[in-house]
Structures are given as structure tokens and as C-alpha cells.
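The letters A, B, C and D name the chains in turn, as written, and every chain counts its residues from 1.
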Amino acid sequence: MALDKLTGENSTLFIRSEQLFDVARRKSLWYMAFGIACCAIEGLMHASGPRYDFDRMGVFFRASPRQADVMIVAGTVNWKMAATVKRLYDEMPEPKWVVAMGACACAGGPFREYPNVIMGVDKVVPVDVYIPGCPPRPESVQYGFITLMNKIQAQTEERLAAARHDGS
Amino acid sequence: MQQLDTTVARGVLERAGVTAAVETVEGLGAVCRVPAAQTRAALLALRDSDLGFGFLVDLFGVDTGETIDIVYNLRSLTRDEELLVKAEHGYDATLASVWDIFPAALMPERETCEMFGLLLSGHPNPKRLLTTDGSEPFLRKSLEVRTAEEVRDRASQHVDAGALDITASSLADASAPAAETVALPASLPRVPAGVDVEHSQNLVLNMGPQHPSTHGVLRIILELDGEEIVAGETVVGYLHRGIEKLAESRRFNAVGTLMDRGDYVAGIHGELAFALATEKIAGIEVPRRANWLRVLLGELNRISSHIVWYGPMGLDSGAMGQFLYTFRDREALLDILEEITGQRMMFNYVRPGGVVNDITTTAEAKIRAFLETYDVYLEENAELLMGNEIFQARTRGVGIFDRQTALAFGLTGPNLRASGVNWDIRRDRPYAAYDEFEFDVPVAEAGDIYARCQVRLEEMRQSARIVRQCLDGMPEGEHTAKVAKVLRPPAGEAYAAVESPRGELGVHLVTDGSDTPYRMRYRPPALYALQAGEAFLPGNLIADGVVLMGSVDLILGEVDR
Amino acid sequence: MLDRAIISAFVVLGTIFVVATLTASWLLSPKKPSPEKSETYECGVAPIGPPWVQFRAGYYVYALLFVIFDIETVFLYPWALVYGLRGWYVFFEMIVFVVILVAGLAYAWKEGALSWR
Amino acid sequence: MNPWAVAALRFLAALGLMLVNGVVMIYMLRKVLAKLHVRMGPMDNGPHGMFQTVFDVLKLLTKEDVTPRAVDKWLYFLAPVIVVVPSLMGYMVLPFSRTAVIADLPYGLLFFFAVMAVVPLGTLAAGWSSNNKWSLIGAMRIVGSQVTYEVPMLLAALSVVMMAGSMSLSDIVNAQSGVFLGFIPRWFVWNVPAFVLFFISGLIESGQTPFDMAEAESELVSGFATEYSSMKFGLLFLSEFSNTFLFSALLVTLFFGGWQIPWVPGDLVQPIAPFVFMIKTYIGIFFIMAIRGTMPRVRVDQMLALGWKFLLPVSLGWVMITGVLIKLGHVVVGSR
């Protein structure tokens, strides 16, 4: 942000504007259409389907990582896939978040014993929210998104508190 | 199925100058052992003789501890017979490709060679299929999976994702003499030799692994002249997670969990294939009610699986509505499946000996209510997409697999029936209780994308019909046979196939008397469909290529296993 | 005068609006550039070869015809304006003009120019 | 008043209209598609999700703007300007009522077509400069669709110009006042072939399903906009929605009597004329969106064949037939 360069990182103006923008970020989480395995059926397809309809809370999919805010890693990541996951994550613009969906993305799941499988996507990209389950139900994914929303807000709140503490 | 007369087969092979031992094995039928060097001659003789073994069902390897057996599973559709050809290879042998005899062998050969550490000769595109350079030959018995300690100590695994090299180099054996290429099917568009990315003057485009319409993590390298596809090469393995290897370390009741995650939208069928193979070896008698429940769940699952094809088929051709209308139905269906099995996707419901739970009365009522609405919705959906003139213009006469090519590429299931081959395992090799049901097997002659749509739609109607018969005539009795908690089937070998929504899902099971399988081969129908789709990409526009790959119904979990 | 002022205002102020929006975005957005981030996107793998190759447009012949017909259509507009005010002869004048073009189109069609290749 | 001040004020009015339209239409699109698809659409953010688009825009504003290394920098930055400015200029000639026209140019229709023909250049620039293969294919398709729609669209409008005898959009609206046979509004929509031709070519022009060639999500990821992020992407999107609005507005002006209400004298309508115009336009937009929610996409060669083997010959023929009908005095709908 150029604003923080101009006014300083702990300036009230900067933190207050971040607070405002965090609301927008929370309410408009576009995820990247990137289904790896079984979880994609539940976490991406059924999630955008008629019953669960994540569009209700502004969670919508975009095909290109350049326009996405969240990457849902929905499935097992193996050695061949890891480079792609990393690359796609790198290509997303800031601020960005990663949701590890399902046991495989969290820790390798039922395939963790196989040497070709990476035990958790957090070894490749930083993960913000872990959703357990094999596969997690769409409700769980929804809860995961709500957790992510709270997390987005909490970061700025913490910063505000820290700035207040420094100032006093 | 006819039992093959072993003397006839022996005679055919002798005339071709092959020294072979043909015998009949319990659970497998006729098995023919040929020397490794004479495999090509034997297969050619069997294909061109009166026996007409023109259909390669599957190709895989078994590490026996001393040798690596390469198994060719052949079928003759004219005489309705089956034959297993086994060739013994050493651990550092070179596999002579048979792709010119059976184009279906193209990808399975690459997979077998990388998984068993063999070299390949005479193959047009001998790259590794599933893994990257430096990977171990995972399916060798000498290689162990991670131990419990390694798994528990998750932090010790270190991944430097930025520096990963995912090149899959050639497995070709440069020293091996080139075999003489025999006649290929005339309709084969071109030798599927992949895309020469180094020397191409055209636009070379990566489609996938992250692309809205590659149905998972399929990567297609396209060489484009303008918008027209000049050459296409599919790259798979982005979801390879060792289902076959892991099955060797799981007890028989637990392998179902892995099978579920193979073809993850039609789990029941995977479980069922494995259960049937186990029951064959262990000699378990399944109660009649269990068989009926297997049919019931299998057909409900078939509908839910075809929905995952039909909705995205609309998306691929640009119609968003289909996807959402069909997924509305799928939600209702998953509710039912969840009530019976306890899970929405990964059922682990069919176990060796029967099924886990009996059906509840509320579930029965739910199914009936579902079928009432479904009949209406299905016709609506069919009219909306199939009746649309734009869709018809996009799909009629595009991506035609003629009968001969479809057979050559090992297509099965709806894809094969859309090319005019009347073959359905449910009717021609009845398993579970399918011989007690009345249903039609839809066949279309055109072989184009539209024909594949028609066949699958009619299958959805027929599935509803079977489900109705199931509910009306469900026999009383136990839902499972008395089976030991830890099953230890005797040493043996069996092949069992089911008609999964994607085609012939087969399990070739080898046991050694322990509580885990010795070798479990999963015959992935989607892999064979993928090969055919790849071969027919050239000459289409990008838009048609997308619809073509969608129309053969790929599930990457099954392709990569 | 007013019309010209409006047109100039739209061009100048419109450009200023776009630049201002992008500046605001630049001011408010976080920045973490990295070499990986500025790689070209191609479905998550490294691109093979450059995209700026000789791209064969399948509608090349259409585009040639398009130039002719587009100009012709613009010629028709003044004619349409006075059409109601003059007699039958304007109609026949135009018929001659259009028929020549239609003949050209028919010829191109017959020769197979109207096909994607 | 100083003409420059007037011009600036009118610019602001057009800009405001464009922005409000963009926000409303994106919300409307998501709601309409959702309802068509048995879903709810945005619900949580604001009553019935009304502020959803506002949050989306705010978020896009504060996203990092990634400029890939390989792009052609000048064109990459210029592209949003080239798509937004002509799209804004399209609002200039729309008659919202008798007096509410930003610039009532006598050659308004031609001006409209001229500025709208610039927009594809911007998208072409966006696609080509991105140095991305998906974008490039999308950009080439844009040119293909322009080659397809422009001539039939001009010819269909020509038929209307012949009937109205003017290229000023206000005059065209005025020519559609009154009724004939006592109750049928004297709208040019009764010139059915011209209307159909115009509608089809307009769908191609605004890149809507079944002709959404350039963005074709299931084929080309995000088409020409694949490499665009943050507000640059937002502007490309804004222009796309603005073009859809302009197409629908022009459709209303040429064929549905603009701001007029049939059977009501024009003087009485004046106070609410802009609302009537907007309502009619939004009805048109609704139909475009409904098509978007249901139709598959045609292939690019099919689109060109449709344009040149059907739309063009038919529109040429129809211009001639209109001429004959007007001359014979057998005109069913209003000539003057």
C-alpha cells in the first residue's frame, strides 16, 4: 500500500481505512476455480449449487488467479502438483488467503503413507484455514469461510490494539 | 460368457510359432503364459485369428517377487470369450510396446513401466505417465510405503515447492531394436506421439491443470494453428496418490475406502468391484437381499454420477443452467445415499460379503418421492440442453469415434455404446442381482458427442427404472453374509468387473493368504476414454476440444489413481 | 460549439476518470511484488514458447470482405436520410449499387471464401 | 452558462449513470441468474444482498495491481482507457426525454455506432498486450465478432432510419409516437426482421451468451481479461456492463419508442420520461440476462457463418424490401 508509505504504518488514517476495507474484503471473497480431487465436488460444485449457494455471502468463483482472493486447495497435493499450487498462489494478488479443504490438503489424509503424496499443503503454501473431513460437507466449508472472514477482521483489530498500546 | 477352449488357443499360438502354456484357472478363466520375447507375436496371432481377441481390456503388471508378470487381459466380443496373457519379465527388462496391435495399451504401458521400473521400446510417446523424474518404481514389492512413525512425524517432510522439477522424461530403451509396426485402425487420426514443444512454430498452449473445464487436474498441451488444434497431448498424474499400492497395506474391509476415492463420484461401483473379486477368491456366498441392495445403491449412484457429467457438459458448452438444475437433483439424491450409507460421497458401503447397513423405511419413501420429481426434472433437463439447436450444432458430427476405433482404444460403457457396440456388463456378465432385472441397454450408432449424451441420458432413465423394480421386489433376508472381521482369503487370483457409470471398472486381485491383498489392479475406464479423447483432439477448434474431453466423462481420480 | 465541448469533455474527463481510479487503487492497495508473481499465467505451469507468434485468424477472408461492406453500409446512410423525400429513382439508384455488392458476396460465397479455415 | 462548465456537468451525469448502472446491473445479473438457477444469489450483505456489488468494487479497489513482467506496458495501461471512454461517449446521444439528452447530435445514431466500434479495439489491446495465450485467443475472437456483427447491425438500423427519415435518436423516438388502428403503438418493433437482426447482432456486439466469445469462461479461462487484476479488471468489467446497457437502450430507442408510453400524449410523459426509458431498458437487460442463464455458446466459426451467410444477406434484402414498402405506401408501420 502506498498509503502506509505516505502516512506511516501505524497511523490512525491507515489503520482506520484498513478497517473499512477489511469489511469489503470479508464480504467479497472470490475463490479460484481450482478443484484438485474429490473435495472439489463438495467444496466447489455443491457449494455453488442450489442448496448451499455460497453466492449468498458474496463468495463467488473466478477462473483466473489474478482476480481471486482465496484459493481452496480441495484435494491431495502430490509432488507433481505442488509446483502448480505454489505457482498459482504466487500469481494471486495481495491480499490473499488459502483454505486447506479436507484431510488430504490438511495432512495427507488417507494417502499420507504413499511416498508420492505431500503430507499437507501447508508445506507448499501458507494456509489460513484448515477444514477437516473426508470430504468435508459443504456446511463445513461454509463454516471455514466464516472463520476466514473473522480472521481477516481480527488481523486489523489486533493492529489497531497494538497501535493504541504504542500510542498510550 | 463362454469358456474358452484352451486347445483352440494353443493351436492358434503354435501356428504363430509361440511356445505357450494355456490352462484354465479358477477365478480367471483361460490363462496363457508366453515368453516375454514372443508377446507381440502371440497377441498379434490372437487378435487376427478366428478367435478374434480384438479388445484389450487391461494391461498391468504384477511383481511376483522373482519376476514381473505383465498381464494382457483380452476379450473377444464376437465369441464372447476372455483370455489372460501373461509374460514374465526380469526386473531390468525392456517392455516391447504393443500399441500398434492394441492402441489401448498406449497409456497403461507407460504407467506399468514407470511403476515397475522397466524400460519401454517401440512406443510413440514413451514418457512417464503419472510420476516425475526421480520417482521410485512404487509398485515393486521391495518398496515400502511410509511407516506409521514417518507419518506421525509430519513435520520432518520438507518441500521446496519453488525448486520442484516436474519433467517426466522418456522411459525409452534406446538400445532396443525397433519392432515392425503392424497395421493400425484406418480411422486413427494420427500416431499419438505427443506435442513437440521444442520445435513447434505454432502456438503451444497449456490447458490445465488449473482450468475451468478440464474436470479436475488434467493438463492438455495443445499445439494450435490459430484456433485449430494441430496436436494434443494429455498430461496426467497430478492426482496420482497410489491407490493400488496402498491397497496392498490395507485389510480387505478397508480397501473400499480407497476404491471410493478412485472414482469419487461413483464410489459404490468401485467398492462393488473389489468386493466381488474378494468374494470370488474367498468363496463367500452373498445373500440375495444384499445383492439387491447393491443394485439399488449402484443405480442411485449411477444417476448421481451421470449428473456430474451432464451438468458440467452444459458448462463446457457454455450453458450455465444445466449445472445448477442437475445439482438440485443431486442434492436430493445425496440425501438418500447419506441416509442409507452415512456419507455423501465416500460410502464404504459395499464390503466383501454384503453391504454395511440395511435400507430404512424412511429412505425407501424418500427414494420414491425423489423418483416422482426426478422423472419430470430429467425430461425438462434433457429438453433444455439436448433440444437446444445451438447445442446440437455444437455436438452433432463432432468428435466421432467409429466402432473400430472405439474398440481399439479400449472404450467401455456409454462411450462404447454410443459408437454402436452393444455391450453392457450388467447384461452380458451379470453380477450382483442384475440378471433378475428388466432394463434396456441404450445404443447409438453415430459415435459423436451428441450420441454419447443420448446414451447417458437414456441410461439415467433406465437406472430409475431399475431402482423402481428394486423397491417393488426387494427380497427379505440378511443384508450381509457372516464374514470374519479380519478376512484372510486363500491365495488366489480373480478378476471382477462392474459396469460403472464410466464403463468397465475392473479389479484384478491377487492374494497370498494374508489379511491384505498382494496386488490390486484397478482397471480405470476413464483412462482408456482419455486416450481416445486425446487421439481425436487434432482437427477440432478449441471450443470443440473442450466439449470432446468433457463428453468422454473423465474423473481424474480414476485416471491417476 | 456545445456539442464539440461535450465531446472534448468526454474524451478528456473520461481519461482523467480512468487514471484517477487507477491512482486511487494504487494508493490504497498493498504491494508485495515478487518475480514469481509477475510470471505469465498459463493454468499454473510455466508457459511454453511466446504467445506473440504469427496467429492465424480463421476469419481472415471475412475481414477483407468486412471492410468493403462496412464502407458500403456507411454510404447507404445518407441515402436513407433522403429516401422518403425523393421519388422512385433513388430506389433504383441504390438497387444498382447494392446488387453489385450482393453479386460480389455471392461470388465470394461460391468460391468458398465464407468458410473458417 | 459557459459551455465548458455545461459539458463538464453533463459528463459527470453520464459518468454517474454509468457507475450506478454498473453496480446495479452486476447485482441484477447475480440475482437474475440465481433466480433462474433455483438459487438465492447474494443475500447476506445488505437487505437481499443489495450492497454486494459495492463491497466487490471496494475490494477490487484495494487489491494489489499485478503487472506481469511480459506485458506490453503502454497498451496494457491504455486498454482500460480505450474501453471506458467510448463506452461513456455512448451515453451522450441517448434521449432520456425530449430535453434530457446530453448532446442531441443530428447524426446521433452514426456517432453512437462510431464510438461503440472503438470498444473492441480496447479489448483487443487488452488481450494482445497481456502477452498471455488465453488473452490472445480472446482478443482475436473479439475482432472476429466485430467482423460479424457490425454490417448487419448497421443495416438493421438503416431500415429504421429509412422509416424515420433521420439519424437523430430524438427524431427516431418522435417518429414512433402515436398509435395506428386505434390501439397498436406506432413502434418500429413491428419492423420485425430489422428488430430480430438488430437483436442478434447486438448480442454479438455486447459479447453476451450465446456469443460470449471473448470471455468464454469454460474455454478461455477469463479470455482477454485473464491477466488483469484489481481495478483495471474492474474497469474492463464496468465497460462490458455499460455496453450491455447501451445496447439495450439503443434497442429501446430504435424499436420500442424510447421514453414514450403508448396511448399517452408525449407532453404528459415528459416528467417521468427518463424513468420510462430506464424501465424499458432494464426490461431489455433482463431478457439478455435470461438468455445468458440458459443458452449454450456457439462456436466461433459458427458465429461467423451465421453473420455472413444469414444476417448479412437477410439484412441487405430487408433494406431493399423496406424501401419498396415505403415507396408503395403499403407501409404497415410509421413512415412520415
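Heads up, the rule we're going with is that contacts are C-beta pairs under 8 Å (C-beta built on N, C-alpha and C of every residue); 3 or more make two chains touch, one makes a residue touch a chain.
Model, not experiment: these values are computed from the prediction.
**Student:** Mind listing the chains that sit against chain B and also against chain C?
**Tutor:** Chains in contact with chain B as well as chain C: A, D.
**Student:** Which one of the chains is farthest from chain A, going by Cα centres?
**Tutor:** C
**Student:** Report the pair of chains linked by the most C-beta pairs in contact.
**Tutor:** Pair with the most C-beta pairs in contact: C-D.
**Student:** Between chain A and chain C, what is the gap in Å from one C-alpha centre to the other?
**Tutor:** From the centre of chain A to the centre of chain C is 40 Å.
**Student:** Between chain B and chain D, what's the gap in Å when you average each chain's C-alpha atoms?
**Tutor:** Each chain's C-alpha centroid was found; their separation is 48 Å.
**Student:** How far is the middle of chain C from the middle of chain D, if each middle is the mean of its Cα atoms, in Å?
**Tutor:** 14
**Student:** Quick one: report the Å distance separating chain A from chain D, using the average Cα coordinate of each chain.
**Tutor:** Computed value for the inter-centroid distance: 36 Å.
**Student:** Return the residues of chain C touching two or more other chains; collapse runs of consecutive numbers into ranges.
**Tutor:** Answer for chain C, listing residues that touch two or more other chains: 26, 28-32, 36-37, 39, 41-45, 47, 51, 55, 57-58.
**Student:** Mind pulling the residue numbers of chain A that touch at least two other chains?
**Tutor:** 21, 34, 49-50, 63-66, 83-86, 88, 91, 93-95
**Student:** Considering chain B alone, which of its residues make contact with at least two other chains?
**Tutor:** Each of 162, 166, 203, 205, 209-212, 226-227, 324, 328 in chain B touches at least two other chains.
**Student:** If every chain is a node and every touching pair an edge, decide which shape results: line, ring, star, complete or other.
**Tutor:** complete
**Student:** Residue numbers of chain A touching chain B in their complex, please.
**Tutor:** Interface residues on chain A, with respect to chain B: 32-38, 40-42, 45-46, 49-51, 63, 65, 75-76, 78-86, 88, 104, 107-108, 110-120, 123-125, 134-135, 137.
**Student:** Report the residues of chain C in contact with chain A in the complex, numbered from low to high.
**Tutor:** Interface residues on chain C, with respect to chain A: 26-32, 34, 36-37, 39, 41, 44-46.
**Student:** Quick check: in the complex, which residue numbers of chain C touch chain D?
**Tutor:** For this pair, the touching residues of chain C are 1-3, 5-11, 13-15, 17-19, 21-22, 24-26, 28-32, 35, 37-43, 47, 50-52, 55, 57-59, 62-63, 65-66, 69-70, 73-74, 76-77, 80-81, 83-85, 88, 91, 94-95, 98, 101-102, 105, 109, 114-116.
**Student:** Enumerate the contact residues on chain D facing chain A in the complex.
**Tutor:** Checking each residue of chain D against chain A gives 30, 34, 37-45, 49, 51-52, 54-56, 58-59, 61-66, 217, 221-222, 225-230, 233.
**Student:** So in the complex, which bits of chain C are touching chain B?
**Tutor:** Chain C residues touching chain B: 36, 42-45, 47-49, 51, 53, 55-58.
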